[in-house]
Amino acid sequence: MNVAGCDVGSLTAKAVILADRKIVSCSIQRATSRPEDSARNVMEEALAGASLSFKDINYTVATGYGRERIPFINDAVSEISCHGRGAQWLIPGVQMIIDIGGQDCKAIKLDRDGRVVKFATNDKCAAGTGRFLEVMAKLLGISLDDLGTLSSKARAPLDLAAACTIWAQTEVIHHLNNGMGLEDIAAGINQAMAKRVAMIVNGLGLERNVCITGGVAKNEGVVAYLEKLLGVKLKRPPKVDPQAIGALGAAILAHERMGGPQ
Amino acid sequence: MRKEYKEYQFDKMVQSIVHFGSLAKDGTDKECFGMFRYAPHFKEVFGTILGTGEPGVKLMKMVDKYLCDVLNASAQGKKVALCTFNFSPAVLKPLGVVPLVVEPLTTLGVMMWLRGMGEYLNYCCELGFTETSCSAQRGAMGAYLAGLGVKPDFVLCNSVGVCDTNATAFNFAAEYLDLPFYQLNALPLFADKRTIDYQHRDFRGLISFVEEQTGKKLDVGLMREVIHEIKKQDDLINEIQDLMQLKPSPVPGTYNVFMYSVKFIYGGYPEGTEVLESMLKHAKQNAAQGRAGTASGKEVARCFSVYVDHYSAQLRPWAWFDSKDISHVGSMMNGFWPDGAPVAKGELAEGIYKLDATNRDTMLDSLCDQMSRMPMVKQIRGPMDDPHQWLLETRGSIRTFKPDFCTYTGTIGCRNTWGAIKVLARDTEKMGLPTLILFGDAFDQRITSWESMRERIDEFLSIRGILK
Amino acid sequence: MLNEFHKIGKELFNNHLKQWKNAGKKVIGYNCGHVPEEVIASAGMLPYRVRGIGADSTSIADTYFGPVICSYPKCILQLAGEGKYNFLDGMIFSPGCDSIRRLDDCWRKAAEESHGVFPGYRFYLGIPHKVTDYSLEWFISEVRRFIASLSEHFGVTIGDKDLRVSIKEYNKSRTLLKKLDELRFQDNVPISGADATAVIIAANAMPRDAYNAALEKLIAKLKKSGSGLNGKKRLILGGSAHDDSDIVALIESSGVVVVGDTLCFGSRSYVDLIEEDGDPVTAIAKRYLTRNPCPRVFGSYKERLAYMRERVKDTKADAVILQNIRFCDMHGAENSLCERDLEAAGIPCLKIEREYGPMAEEGRIKMRVDAFVENLRA
Amino acid sequence: MIVAGCDIGSLTAKAVIMNEDGIVSQAVMRAGARPEESAQKIMETALEMAGLKMQALAYVMGTGYGRRQISFVQDVVSEIVCHGQAMHWLNPSIRMVIDVGGQDAKAIRVDEKGGVLQYVYNDKCASGTGRFLEVMAEALEVALENLGPLALESQDPISISNQCAVFAETEVVSLLNGGKAKPDIAGGLVRALAHRIAALAKSIGLETPIAMSGGVAKNQGVYAALEKVLGVQFNRPEGDPQINGALGAALLARAKLQRLNAEKG
């Protein structure tokens, strides 16, 4: 039995295909402005990766911002539930997920069965999101990858308000223009991000067994600093890209909807 | 909050730093400034404060003493009241209570620590404060909510009706720590009789509340002493403010901070009077020599802050103004309104309070009137163009202290003033005073660093032709 | 019929107001739920709570307000600046919170600089922030000052008899709204939260007799209608000022029904009646000062929590949405306390921060509500 | 006498070379992360276009965010002053300049000599800047240059409520998802920006004749929306509005040099 999960986020589209509970294909693409197109494209790529076609898929669950507009799906579930399901499948016993995507940051508390107990999101300000990092990287003229790695070389990280991208941007420009080192600024940006995320996590109540997902999980600087702030080691999901956990969770839900074994 | 932070008592840590600073000048100047090499983060603050000579040293010793009072309160069998900054501590002495004033502690934190109060600020948000609430309260409050300091016994609030975010913070703290709470409520009207009656009754309610908490009665003898001390302090402040009107102003800019520090933590206590005496002495010496209060003795321009000053950034704003030979002739935090206050003229004449030590009742009324004229409580309670309110007082201060320009700083929580500053600035501009609204946060450097603030001020001073 | 209520809520200068004005009568605006409508009504004028619906930018408001101000008063000022409130004959301000009280300063300045107009009459009504015997005494005298000012400016007399008449009229609305509530308490809810919101909001913008008549008819109809929203999860709303039925509809689109609230635009405006005997001014002052559990009355959180729990019980709600407008510290901080205590009592809560009505970001709200509702069902 | 003005903005670097008669050459480029390098590059480009060498410049005035990092200038001045000067040179009747660059927006009131009377920046937490339009153009998948023309096509601009660039982007994406027409979204974005700029202009008192400078002045959609919101006609001096900062700096350099020469002899 083949099932698929498709996550159309604000910045990227992700698809995961499961064949009898095994991940056979996973694909990540930049999203276009039309979620239906993004979904089709990413699904096609994932299907090609598994040498399958649309008709081979028995059930598809969609999630993410654009989920309701995708035509070929059987059900749509919110990304918070999907992330919970995906992470719990990969790391049994995980109690909390920190997901930092392009437009959102969420902390999700799970019970033993991977059900969501409570969640908190960053609804106040854009500064806790992946987009914040992208804007900043652009400003510094460096790649997203460099933003993560540069910060380990920092000596005196810049102290930035974790409150706002726009405000932070002005500050970054100011310091750039005053000759501050790129690594110190990069570290400051990552730290501001981590502080904001820590605030959301602590607000919800930190757990011991925590995993990090979403695109920003790939930024070592943010993750390292977040670990320091929270005082716990953050688990990275094994086997799949942290960005695809939502899609994976959707695929697992699809599998369950088909009555597949747990 | 990070683990490291949870390992230290916040107030104890502040006290030990202040204590160290207050001792620095006991040696020679060379020894003192030599010592700063080993305390790079505190160098600027201590340099700026101690650089003012005797008044600065006295201020440091006073703050040290105050912090010791707080730390030792329970050992001495005294109750501790968590207070808003604008809660005049005078009344607490005859009640045998030690005030734990949040805002000055935040200020000390942001002034002295390289990283400011960020961790404590964020901690409050973790507990549920909005991220846009007043940073002055969120600062030290975070430490007390986390239990990293002395444990307050009850909460006293004097910002109800003037600043919601402030009152909310204290209300939240009382609820969260499960402490008894008493609020003094300022009504939008100021001088009418029924409002004054209301305030007098509200104040008596405060006395009974505290008496109930401590199980002790108000000491009338001590109250008389406090009133005499307030009188002494007020006369000194009036004289300093008189001198501030001179051109050049012989009063160093930092004295503004000193003045309200005294009022907020030791108003009505001899510990504060000493500092004021020393300030007056020095200002008089400057005046006699025709010197400005700046380090160079020259004055090229005068600045008035229509609201609070800028505290974060290790007192660098004051040092910077000083280096530019700009006199800082006050902020709204200096409007205390004692009888004889130089600002209280014309349309503002009735804004003052009188001290009457005849009997218990007259004394309570006096203390109450003083309380309801604390900075902010008086000016921000009603529509800005109402009698005695923000616009009129700003106008009065401008007339009195003759600044060449005005600046505005608040916090991102000051909705009471952010809601009207653009309107106010239009009026001050109309009076011919260039007015600069700074988009920063007085207690949170991370919002806008001092360096970028300074650039804006610098640009303003040159473009608007204030510094040629 | 429901459409009519929705229309009234969405149009500032609705047909009822137009007719009222055409009859040569006056409309007086006010900015906060603590302002006693009965006083205005007893002067033969129509009390009208100003709102910010339909503002599609805040450019005029941003000229006067600073950047860190609640978008609710900003939207009101925007509309005022665009001249949309030119039908008002007077405006009553009260210091509800710091953002809303500065509407007074900003609006007057805007009018001075020719953005829109400011009504010919203004009164600033003080309201204590605490409930004590002396604060009630003060507020009684403040209401008398208000009555005197209104009478003097418009040359009318407001006698105790007039006050009693309008108290009765407004109490009647309250009683009817409470009846509507009872219908919403039923398992088979006959009216959606969005519709109920529209009905409640219309109370702020209609003459009493017309409103009471329409409401009576509606209730009769709802009582008869057998259909209802059975089997959905039941939610109630708490927190900041909220007057937008569209947001309620957005929430309900996640498959829930909103069955009640603790909002100042909502149940708080009608659950407590005014005493009909005794001195009417005292009765009015008592109701508006002591019977309106708003976080601006500090030190009384426990009472508000009790009110919330009572509502949860009456409405048989499954969960609570606690929302606050950005920069609203009072509701923001209190929502956190409330969340803590409700969850401890086993009532799930969703806390959201948002912008006021027209400025709200629907997608973001929807995403949160969806996830929350999925969990309620799980 | 050959002088230059060099404007290192938040997003772009600009240089103008002038002699007694007027502009000799001008250049605009995207600024890098290092202001000193951007300055060097843009100056070299402008010099090359004029067929000159650095040594030929008798006086260089720096301006813009990065002005303090430029190594080869004799003096620096705030861009606010420069915009006033440039506009005065282009059209002396102008009394108000709206400068919208990449990072901030300013309204400036000037006197009959181009001197600054009063000015105001955009509020911090707001997106009345060029950067906002860039992010949005990206979200709309149109070239920056085409955003303005696209907006002009709109019959019924959609209201974009979010003031935060990042959140507004989500909104734009969801509007696109909802099948809204690109011109109407573009129209809405431009109108949102115009509203914010209008607030700025009004806050120090609208004056006419009024003109716009900075990169955003190249966006015709913004002009149209602003004219509608403010109810005034904009003066549109010839030339590239984006170089006005550098132009003003060059004018000030020229004046300074003349004064120095006069003092010398």
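Details
A, B, C and D are the chain letters, set down in written order, and residue numbers restart from 1 in every chain.
Just so we're on the same page, a contact is a pair of C-beta atoms (placed from the backbone, for glycine too) under 8 Å apart; a residue touches a chain by one contact, two chains touch by 3 or more.
Keep in mind that this is a model prediction, so the values were computed, not measured.
Ranked by how far their CA centres sit from the centre of chain B, the chains are topped by A. Annotation: 39 Å between the Cα-based centres of chain A and chain C. Rounded to a whole number, the gap between the C-alpha centres of chain A and chain B is 45 angstrom.
Across the assembly, chain B contributes 127-128, 132, 412, 422, 426, 439, 448 as residues in contact with two or more other chains. In chain C, the residues touching two or more other chains are 63, 66-68, 326, 353, 363-364.
For chain D, residues that reach two or more other chains under the stated contact definition are 123-126, 167, 170, 174, 203.
Chain contact topology: the protein chains form a complete graph, every chain touching every other one.
Per the touch definition, chain C reaches chain D in the complex via residues 56-60, 62-63, 66-68, 113, 115, 355, 358-361, 363-364. Only residues 65, 77-81, 104, 115-121, 123-124 of chain A touch chain C when the two sit together in their complex. On the side of chain A, the complex with chain D involves touching residues 10, 32-35, 65-66, 69, 103, 125-126, 129, 131-132, 135, 139-142, 164-167, 169-170, 173-174, 176-179, 182.
Those residues of chain C lying in contact with chain A across their complex are 326, 343, 348, 351-354, 363-364, 367-368, 370-372, 374-375, 378.
Only residues 1-3, 115-116, 118, 122-123, 125-128, 131-132, 412, 444-449, 451-452, 455 of chain B touch chain A when the two sit together in their complex.
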